[in-house]
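In order of appearance the chains are A, B, C and D, and numbering begins at 1 in each one.
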Amino acid sequence: MNERMPSFVRRLDRAVVIAFACIVLLLILGSLYSSSFLSPEYLLQQLKVASFLGVIATGMMLVILLGQIDLSVPWAVSTGAMMACAAAAYGDVGAAFAIPFGILCGVAIGVVNGLGVAYLRIPSMIMTLATNAVAQGAMVVYTGGFSPQDSATGAMRFLATGSMIPGIPNVVIIWALVGAGMVFVLTRTSFGRCVYGIGNRERAAYLSGINTRRIVLIAFAVAGGLSALGGILLAGYASKAAQSMGDAYLLPAIAAVVLGGTSIIGGRGSYLGTIAGVILITLLQSILSVMQMPEAGRQIIYGLVIIVMLLLYGRTAAER
Amino acid sequence: EPEVVSGPSADPECFAPWSAETKFYKFPKKDGPFRIALANGYIANTWRIQMVQTAKAYAAQPDVAAKLKEFKVVSTGEDVPAQISAINNFIDSGYDAIIVNAQNPTAFAPVIKRAKQAGVVLVAFDNILDTEDAINVNVDQKGLGELWGDWLVKYLPNGGKVLEVRGVAGTSVDTDRHTGLHEKLQASGKEFKVTEVMGKWDDGVAQKVAADAIATNGPFDGITAQGGDTGVVQAMIDAKHPFVPFGGETENGFRKLCAKHSADGLKCTSAGSGPAQVAVAIKTAIAALEGQVIPQEVKLPLAITSDGEFKEGQDFFPTESDNFFVGNSFPTCGINFTAQEIMGQTKENQ
Amino acid sequence: MKDWRYWLSAQQGTLTAVAIFAVMFVIYTANHPAGFTANVVQTAANKGVLLAFVAMAQTLVVITAGIDLSVGMILLLTNCLASWIVIGTPLETAMGVIAVLLVGALCGAINGAIVIYGRLQPIVTTIATGAVYFGVALLLRPFPGGSVNEDLADALTGRLFGVIPSSLVALAGVVLIVWIPYSRSVYGRAAYAAGSSETAAYMSGMPIRRGKFLSYTLGGLIAAVGGLFLTFFTYTGDAALASGNAYTLFSIAAVVLGGVSLFGGKGSAIGAIFGALAFRTIGDLLFVFDFDPIWQPLFQGLILLVAVSLGAIALVRVRNRLEWFL
Amino acid sequence: MQQSYDLFRMEGISKRYGGVRALEQASLTLKAGRIHALLGENGAGKSTLIKIMSGVVSPDQGTMLMDGQPVTFPSPAAANDAGVVCVFQELSLIPELSVADNIMVSRPPTRFGMIDRRAQRQIAEEALARTGASDIHPLALVKDLPLSRRQMVEIAKALARKPRILILDEATSALTAGDVRKVFEVLKRLRSEGLALLYISHRMNEIAELADDCTVFRNGSNVASYPAGTKSDEDVIEMMIGREYHSAYPPKPEPVPDKKPVLDVQNLSWGDRLHDISFSLKAGEIVGLGGLDGQGQRDLLLALFGVLRDVKGTVLVDGEPVRIESPTQARDHGIGMALIPEDRKTEGLMLPMTVRENLSFAALDQLAKNGVIDGKKEQTLIDRMMKLLSIKAGNLDVPVGTLSGGNQQKVVIAKWLMRSPRIVLLNDPTRGIDVGTKQEIYQLLRRLADEGAAILFYSTDYAELIGCCDKVLVLYDGAVKRQLVGSEITEHALLASALNLPEAERVQELAS
């Protein structure tokens, strides 16, 4: 692209632009079915719902940039939510620490992932699968034995459903903050550079004197924490925590990140793309759901749309 | 090989036959104490955990424990073949009766054959088996749908727009409830415009799809949800949707909201399938082993609580979790657990 | 070095999987109330073989440095299809079986075509095609049901000569008819080469595209064999999303336990088969040990964690830290 | 020798990669029974040309004729079928396959549609023997072989395809002198059998020994073709770089005897690969590591840099004993070490990342305050490095992978100079680098030394060691066999100690 263009325009790669174009196209198609798809309430509602996926996908993106993947999202989400609600059972002190405690539990899952992937060199796909199973087991034990408290605290409710700035739901603000933080980290900090570097070639990064294992560990911990935060917000939204609440977020999170132009093999991608991907997936799911399409048709269209969009812009370059 | 006899069954209050056509079985009497196994599938949700804990608590009751030599529980997850194998293993290990919450109603034909040959009593509950060779203990899923249909018809005598939040596509529970509902709406002869969304029996999902439906197709005159009802009400509140009549399940959270907003128009009927049915299944299995007459299909009473009847501390528990299923007792069978008693059990024992 | 040492080091992953399985299976049968009987083995075999097929299917794709997250959905789709058409006279049944296998191969071929000719990443491609396949499965079987030729089903899930589980024989048959020729063919080797180093393989003039395409297609075909077996095992078709996803994830675990590298180019379906059997035995161990039911999932998760961490032992021997990075 | 005729012609070939013009109206003619050398500085387009010849990439323009007939190669397989076979600069071996599999990769012997492993092994063994590499076991996995062995396998693989035209793109860059000799014999034999050979190398002496015809490339076009031996080295180099060329090596300063060593290594051992190595390195000194390839030189550098585990012995920096357990420790904590690694593509650079990101990657800790990168400071330093090394890149934000090999290598060096290291370890930094760039690198090393850096420099090229180093340690089997200082550093002495053979006669015999 032209060098004289402002740098933020230059950075917009084709994938991001097309992803946003697809969002507009989806909305137009939706509005053919019902004009309420263009109503501000509906759009705001979608943005709000997208925020949960957005927060979770942020962590997923960080891990994918490293060339890894985090399959422990489902139970990291649930663990975060359930533990936060559990803490709330311990009086006011518990309620005050509910959110940090929930996040901490997610971080703990992430740390285990990170230790396995970075220090034991276990492929992330299987390591995170195993921690997911362990987290699930732990939650089953917990639910079965400790008279679980699973109502969200007022603070969680407020974060998920309130709006400090009139008209803008708090979750959207939280997502914006998380996103802004991630953009800053990825573009301005040495940690961010290292993430891209490791995603491209960990060996070279290591020989450059980077403590690559620590970076990978931190990235997984952050991803676990963000999954848990997503779970906490979801619990606030639903006003309670449930075991299965994370199931619906794993594949959409991966799909959103990739639809946003991030390379699944790591080292390439921008957060703007992830935003687009998250909104795309959320809208697509919502429109298909409201259109009264039977489940089968919905699955088929969902899959086809993802493939078609990726064929539009997500193809790797031909070598010749 | 049970003998087909004529009713009534041994404990007619508890072992109520499904219908007039239901057969009655009398298994050859065996000497106790018995070895009974529970082959559970999925475990990672509150309903299942509550169910497993109830089973353990029931088996530990002195009068029941006296009849049992061993009570073993195995959860195999969502995978049907794993559950089939577990049952096979129980058969090979010589258990007298096997209780199963089947992941799939039709998949167990081969293993049912084997159980029959081996003289093992097979009792299915909740997700029952499509066969006459096992005893089925269940609530009337279609009846639940009918209950909700009737409820909506009652409050919307002129028809109207209804939001139906369904469960997991392709499961028989979802289909039965859906069919029951629509039959009743149809039978009313009024015009009901139903918007269906899939809530997956999950609060988060149900809330999301309900919110979407309200934003695009709302407002609705009546709502029914198969599960995740707390989320659906939450979505109404968030969207400032007026409270309307609601037919739903038995989650504590849902009932809390029903009690609270009844005056504002949230007229609820709440009924469902409590996890304590596992205890009825165990009781049935023991009765069968003892050679008592039992129906092939046991119909559990629907514990219905409707608007105006919600009693604190009995039908809902304001200080407790939203998440568990109230109605954990079947008084006709002498099974009276409260949910907190079950879910807190280990803690108290410690 | 002697030739057999090269062979040994090449088969290391597979042999480890065999060893893990053997140890676990011995523990299992030694503690089983019924002991090491034909019935117990048959039960374990039927359950294991099903996952073994799915793991084999996954292996074929993983070898090319891809991954098939739709493999569980192909299993469901072919299961639902089989519950319609694998029934009737022997001829009809045979035609049904062939049709099911073809549909499985078609699913695999679609994955392959999109990945290879569409140049998309396998992970997302198969997430998306998985949704499509599941949708079709749901169209075929909105509710569990259907039926299958029970004679065939019983024959394939029963025992030969009263002792040998016929499912194991079927598994061996698929290995002989599909895996061995594939892995020794020019295309199979091209698939390995593409997984190991695609550029090098391309520059060497290997038919990588056809090799990869063949892998995906055969992967679909073997997943369809799995689907058939699921049908034989359950007599029905059932489009259960959760179980499809479970099989996909299990297959990945099995493949890793079986010594197949997720980075491609290394490992064999034989290893994956034993990985699958070992993975299944983890679940079976619950049966023979008296665990509180509430603790069972945690126990299972921990065993899996330990099993996948076993590979890390090799790290102790690494004296050049660069070897951490492949 | 057979009658030589025009076997292959390329005319008007052009190829662009995005904005980069790799080839512009290039042409080349190959004759049967002759060895044709292709010369040119890094990025001149040599590799691109032969990738087009061998079907790896398709040209934007131009025609190719074989035996006078126009041909197009849609894939490497098609080129192979036509008899054009290439030994690529970036090796085209498959690491997870065995040597035999690799050699017979494109058309293995089959039985019943399956690969006949027995026959394959036999053919592979023959091919290895013909290449003079029968020490390689055909069942070994390629990934377990050292680079020099892999290159031999690569050549064996090419021979096994029975080519009519054989292309070697820097095929000897990682080979030991002995291997090179064996390969040359093979090549000469092939020439006499009537093949056309195209040979690319940056080593002038190799070209002098082998070539019959030469073509010089510059900026994507052929600038001159001439029969071998008709031009002096200086002329050729000037054609390549397009300017005048002076002596390659900067003058060496007088040694300062009483300086304290910056790095003092005592009795360093590592497993069975390094034995009891002791030496010291002073500020301002360039110490070379000599010996045959694979005698532990690379391991020594990695051991010093903290990459190897369980290293025994003492390392003193400024007289203080240190334990370096990772590159992170090596680069800071008052040690200030830098390592220019062996393989720039996988160890030195992140190819898809930009030149800017690569340059600042090793110095991020110094460029960042509280983890946030100071963009201005980064830009200043990068500008200085770009100038210091005169790196040719269109723009700082292009992927570093699009630079030519020499410029990539400069980026690797520059990224470490960003930290102003006190101890610089270099692992064969001029492999595959053109003479012009090499000269710049030599001068740079000397300047660094003059500014106070201590440099340890491994090279496979003896001339380089002789020209650059103040002292050379010759390694043999993981131990220092000899230290050569100042005027002792001669080709004769280097070779003698490298082969661990003191007798001068034998050396002369081998050298001839």
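Just so we're on the same page, a residue touches a chain if its C-beta (ideal position, glycine included) is under 8 Å from a C-beta of that chain, and two chains touch if they have at least 3 such contacts.
Since this is a predicted model, take the numbers as computed values, not measurements.
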Pair exhibiting more inter-chain C-beta contacts, C-D or A-C: A-C
Chain A-chain D separation of Cα centroids, rounded to whole Å: 44
Chain centre separation in whole Å, for chain C relative to chain A (CA means): 30
Centroid spacing, where centroids are CA-atom means, of chain B and chain D in whole angstrom: 72
Residues of chain D whose C-beta touches two or more other chains: 56, 307, 326, 347
Per-residue multi-chain contacts in chain B, two or more chains: 43-44, 49, 52-53, 169-170, 346
Shared interface positions of chain C, touching two or more other chains: 138, 142, 199, 202, 294, 296-297, 321-322
Chains touching one another, given as label pairs in label order: A-B, A-C, A-D, B-C, C-D
Interface residues, chain A side, partner chain D - complex: 3, 188-191, 193-194, 196-197, 200-201, 203-211, 267-268, 319-320
Chain B partner contacts - residues on chain C that touch it in the complex: 32-34, 37, 39-40, 43-44, 46-47, 50, 138, 141-146, 153-154, 157, 230, 233-236, 238-243, 246-247, 250, 280, 283-284, 286-287, 290, 293-294, 296-297
Residue numbers on chain A that touch chain C, as the complex places them: 69, 71, 116, 120-123, 125-127, 129-138, 140-141, 144-145, 202-203, 206-207, 251, 254-255, 258-259, 263-265, 295-304, 306-307, 310-311, 314-319
Chain A-touching residues of chain B, taken from the complex the two chains share: 43-46, 49, 52-53, 169-170, 195-198, 200, 202-205, 207-209, 211-213, 215-217, 230-231, 234, 238-239, 253, 321-323, 340, 343-347
List of chain D residues in touch with chain C within their complex: 55-56, 75-80, 86, 88, 90-98, 101-102, 105-106, 108, 110, 113-115, 117, 137, 139-141, 157, 270-271, 302, 307-310, 326, 347
